[in-house]
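The two complexes that follow have chain A in common; it is paired with chain B in the first and with chain C in the second.
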Partner chain A sequence: MKKATVIFCIVFAITLGLSGAVMAKGSVKVGIVLPTTGSLAKFGEIERDAFLMAQEEINAAGGINGLKLELLIEDTTGRPEVGRSVVEKLITKDKVVMIGGGYSSSVTYATAGVCQQNNMPFLVNTGSADKITTSGWTWIYRLNPPVSKYASAVESLLTQVIKPKTVAILHENSLFGTKGAKKFDKTCKKLGFKVVLKEGYEHGGIDFKPVLTRVKQKNPDIVYMISYIMDASLLMKQAKELKLTPKMFIGGAAGFTMPEFKENAGVASNYVISATLWHQVLPFPGAMEFYKKFKARFNKSVDYHGAEAYAACYVIADVLKRAKSFKNTDIKAALDATDMMTVFGPVKFTTWGKMKNQNKAATYVVQWIDGKLELVWPKEHATKQFQYPIDWLKVWGY
Partner chain B sequence: MQKKTIFWGVLAVVALAFPLVIRSPYYQHLVIISLMWVIIGSSWNLLAGYTGQVSFGHAIFFGVGAYTAGLFPIHLGLSAWWGMLTGGIVSMLVALFVGWVCFRLRGPYFALATLAGGEIVRLIATNWESLTEGMVGILIIQTFKSKLPYYYIVLVLAVACILVIERIMKSKWGYYFVSIREDQDAAESMGINTTLYKNISLLVSAFFTGMAGAFYMNYMAFIDPEVVFSLHFISIMAILVGIVGGVATIWGPAVGAFIMVGLQETFRSSFFGLAPKWISQAHALAFGLLVIFVIMYLPNGIVGDWATIKRLVFRTRRTAG
Partner chain C sequence: MDVFIQTIVSGILIGGIYSMIGIGMTLIMGVMGIINLAHGQLMMVAMYITFVMAHFFHVDPYLSLLVAMPALFLLGAFIQKTLLNPLIKVESILPENQVLMTVGIGMVLTEIARFIFSSDYKTVKTSYSSSAIFIGKISFNVPMCIAFGFALFFTALLFWFLLKTDLGRSIRATAQDSEAATLMGINSSRITVITFGIGSALVAAAGVLLMPIFYLFPDIGGAFTLKAFVITILGGLGSTVGAIVGGIVLGVAESLGATYIGMGYKEMVGFVIFVLVLIFLPGGLKRLTKI
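And now, the complex of A and B:
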């Protein structure tokens, strides 16, 4: 009994000592919270890779005024309570100067609360629930647009080209899905489209046929889906099997722009359109180079998630370079003064509407055309003509 | 006997002095979460281990306790601490209903009914947005920045929970519970009102789990239905804590809680950043292997089979020496 206790104490002490010893000198530490395991891991990985790529480039170019930029990437596993403890650990144990990352609305919402309470600057780059920047929090900054703005490009495409009469909305029962669906429902009412069905489904579901059958009975002009990755692919595959043929399938970003969507859904992904926040052909300096470099290095395409993370890393570096010191108030002042161009577009944090410290970013519409994600809307940036109308059965090879 | 007194004395001093000595909020957090699991695991153990009614739905009581606390600030403008008084009681009310429905079933059927119950409650919390805010969740700002108050609150709760359970198990009730576990029909024929005592066991269990839930709301300051009604992270975790530590032992779930929380964090952080990152992906596998190992070689859990462990360790030591 005694011996076991002694051994335990020794092991514990060694663990403590080692974890303290890995601290690097001459670096400035920034915590990055991402889900790199669990069901959201695909998004977390793409963002982690983009962060690491940007970090290398920044350090190769001299780092932060001579200091190395050190990113501590911590796994939230996609769960709010883990995210919360991870941020606490970054603040108290690792003593980071600011926090970045933030994927998925619920996790970001919970972690942002901790940052606000601890006066810790947090630059969110993907978590998109409106609440994150409408809660009056002063230490939280957001690079990406809030979810309520995700569909604005889709809206103009709908009113100008597709002109649907009836709409069905499917969404995952998550903070992101529920809020996005509610907002799109409102938009449809405003634009005079009739919402014939609005239905949530459970996270991790695999059989969407019951709900898709109901959609088919209502025969809507468009089907709008707010989904993560597996559900997005499965929804399209099963829509194909049921021969559900509305005028257009529209994805509300997230899963529908990921390379894995095409791989999993196969031919069923063709001609599906999605809202997106970024595309490599946009006329932002470095956007195409970033896309090519990422593809060469990781052998996979990168979508807006990667661009957000990559841009966020450059914003963080810029902020730290400009900050008078690494004190939280100085970093906050530097964040407030941010006005820079990134691969994701211009970044500036302002207060507008109910939003605080929110960057204004535009949204776009992309379409999967012959296995490639092409920018189709707004017209002035388009890489390919918007394919419409579509004979789905022919496309699917029936 | 004296050795025992010294052991408990040392343990008490360590428990009281821990947050004063280890100042890192990170380790304090891990111990607070472990203590919370001591409560949930011990409560589960009272119902499943001692009374033989294996529950797969302890997230019901945990979540109800947490939401009871969370609803105070959002609907009544009161502090979530009111939930500490009411969370356990509301959980008991829910448990009355659960017992009324589920205790008509026995063995695996009871387990399945509680499993379904947990999912039902989660769906209600997800969809009843006007009451629970749905998937938006409830976020409050913590009362204390320091972890000390939380630590002592949860420590008191955990100690109270274990003492109450120990007291019950030494009383007549305890014998009734065990007799129900061993043979419900025999117990019934001995004149024990099995329905009544199963319900008593469930109510006590639900009360403490609900208290833990209310504490969770106050401490973590954020809940949503996926978090507090989670099958995987609450209901199953409660079972694992019980099984690994030792079913039907007073101290088993307490030991199990520290082991499980420790393991979870060790894997999440890839052995505190010492091992390659891919290790963190293997945490589910490691949990699985641990459970298989415990069930095969230590069926009574680490505390239940402590004698076996001691013998094994002792023997290998001697041959090594």
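And now, the complex of A and C:
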């Protein structure tokens, strides 16, 4: 009896395997790892939607040299250990030709390690901790800039316009937040600003008043915050409650550029500036169309996260089209030779500094002006004049 | 000095809400002897009810207490009657079948919420959401103060109910010794249903009160289940007074930790207290208060 069951299982497994292989004949499989559940699900959903939108367009335009591009989107739930296991599954069971996606630095770092071990090309599009591309890994490519470069546009704005003397840094104590804060701390020292307070916090808190009270006591010229979305709006709301009024509130991308930030923080979001990696008005072909299409289809506006995913999908398609075969070494050769224009800007993977296979992307500064996210820096791309100085109490209606 | 007072004020205010979350759990714990690990998820359901009421029918969040609390009472009673009580009768290797069941219920609730509302962050915006009263240099967040007031009110109401009404006495009797209570003619399975309902209604109230201050997404429940668990252990299993004190102690400790040790260690402070209580005061604050 038992033997029969075992044999049946084996036969069943073989049939399944065969049918899988037959089904895959007309398509080329790419694994995408994103957090579609868990507390980071919001970002994962935006990127998933952008990926699927790009996939449809690519397949409608003929796919990969006649083959259909098939994206297998796996949920990392925002946890590194789950990320590792889903990537292992994609590589060994689904036999994908390459991996894309990668949201949240900690998860991406863990999944990138698995890809490197298995010689699997991985195109990261959001995970931004520096060490993802500074670990000497040869199979990992990154579309977005590393977190240490996020603030480069903010730096020039600070030195040229705001000229602060003292700075307070608040950051969530994740890999992304900690590394970003450390880097900004160094930058401030280099530029001669005094960092009066540098404090990490746990993501998902209700009450930030204790730490904001301490910031208020130090009375810094600028408050620099690296936060995911809801922490960002709670921080601003509670800063308003405490009448914390530095010369400027600056967000280090992530939460501060999301439409939900404005909706939730309300008036407290007004005139806050943030570093960002993308804005729809940038002169990249298709940027504005992508923004409009996404908005029309999903009824929500999209920020740099969506643009990264959308661009990544086109890069993947481009790489697969140019690859001689779907063998990992051929795909890697095609990735190395990538030189294309996307909605996210030019994409080319090079080795610079300690970075390996890292795309050089510019960063920008945006400001929330009367409920709209306007590009204010660098000046040549600006859609609106940078609003400064600001009387916060008046803006907040005290 | 201002910093210290502000810290204590924030801690006490948030502690009021923690207490309400904890009371519901401790009540269920006392009567049924199990930890309800779907507690935070039930709160999440109540928060979605508040969100729907506010978003589609423009009902003030505080008025939705009148909807969310009865709705969650029914949901809680339903869960107890149809999902948890039948498990008592089943013989199994694990005596904690019901606890495992609550974990499953929590997951189902979370995924249903994600299915209906997606993972988007939702908030209810009110004119008073971020308004604050200043006394001297100390700011009092208005919705937090209101929430604290409600927490006191519901706790007082619960006490009156447990001490003065027949049903309340039956609940206490079942909590003390369910077999003896059954012998005295109390229908103990009905009591467990009602208790689970009341526990759910209380955590629903906490959820509604949190809504103007905080935000909402399907996975919000887990963190609060954990908070409730810590409070229940801190206060002593099944002790209502313990839960109130435990909630406030946790709130103040977290606040002090955030100010003087570092915001990143806020959660750690809570768990250090948790471990210390387990080591030095097993049985929690109940051992001191005796209620």
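The criterion applied here is as follows: the second predicted complex is superposed on the first by the 373 of 398 C-alpha atoms of A that agree within 3 Å, B and C clash if a C-alpha of one lies under 4 Å from a C-alpha of the other, contacts with A are read in each partner's own complex, and residues count from 1 in each chain.
The definition used in the following text is that contacts are C-beta pairs under 8 Å (C-beta built on N, C-alpha and C of every residue); 3 or more make two chains touch, one makes a residue touch a chain.
Worth saying up front: this structure is predicted, and the values here are computed from it rather than measured.
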item	value
Joint occupancy of chain A by chain B and chain C, clash or fit	clash
Which of chain B and chain C A:P80 touches, first, second, both or neither	first
Contacts of A:S106 with chain B and chain C, given as first, second, both or neither	first
Chain B versus chain C as contact partner of A:E88, first or second or both or neither	first
Contacts of A:G205 with chain B and chain C, given as first, second, both or neither	second
Chain B versus chain C as contact partner of A:T37, first or second or both or neither	both
First (chain B), second (chain C), both or neither touched by A:D339	neither
Which superposed partner A:N173 touches (first chain B, second chain C, both, neither)	both
Chain B versus chain C as contact partner of A:A268, first or second or both or neither	second
First, second, both or neither for A:E260, with chain B first and chain C second	second
Steric overlap of chain C with chain B in the superposed model, located at which of 60-68, 96-104 or 132-140	96-104
Set of chain A residues, in rising order, touched by both chain B and chain C	36-37, 173, 200
In the complex, chain A residues that touch chain B	1, 3-4, 15, 18-19, 22, 36-37, 74-75, 77, 79-82, 84-85, 88-89, 92-93, 106, 109-110, 113, 116-118, 129, 131, 173-175, 177-179, 200, 203
Residues on chain C engaged by chain A in the complex (per definition of touch)	2-3, 6-7, 10, 14, 114, 118-121, 123, 125, 129-132, 139, 141, 210, 213-215, 217-219, 223, 254-256, 258-259, 262-264, 266-267
Residues of chain B that touch chain A when the two form their complex	24-26, 29, 33, 126-127, 134-137, 139, 141-142, 145, 220-222, 224, 226-227, 233, 268-269, 272-274, 277, 280-281, 283, 310, 313, 317
Residue ranges of chain A touching chain C (in the complex, touch as defined)	36-39, 41-42, 44-45, 170, 173, 199-202, 204-211, 213-214, 217, 229-230, 233-234, 237-238, 240-243, 260, 263-264, 266, 268
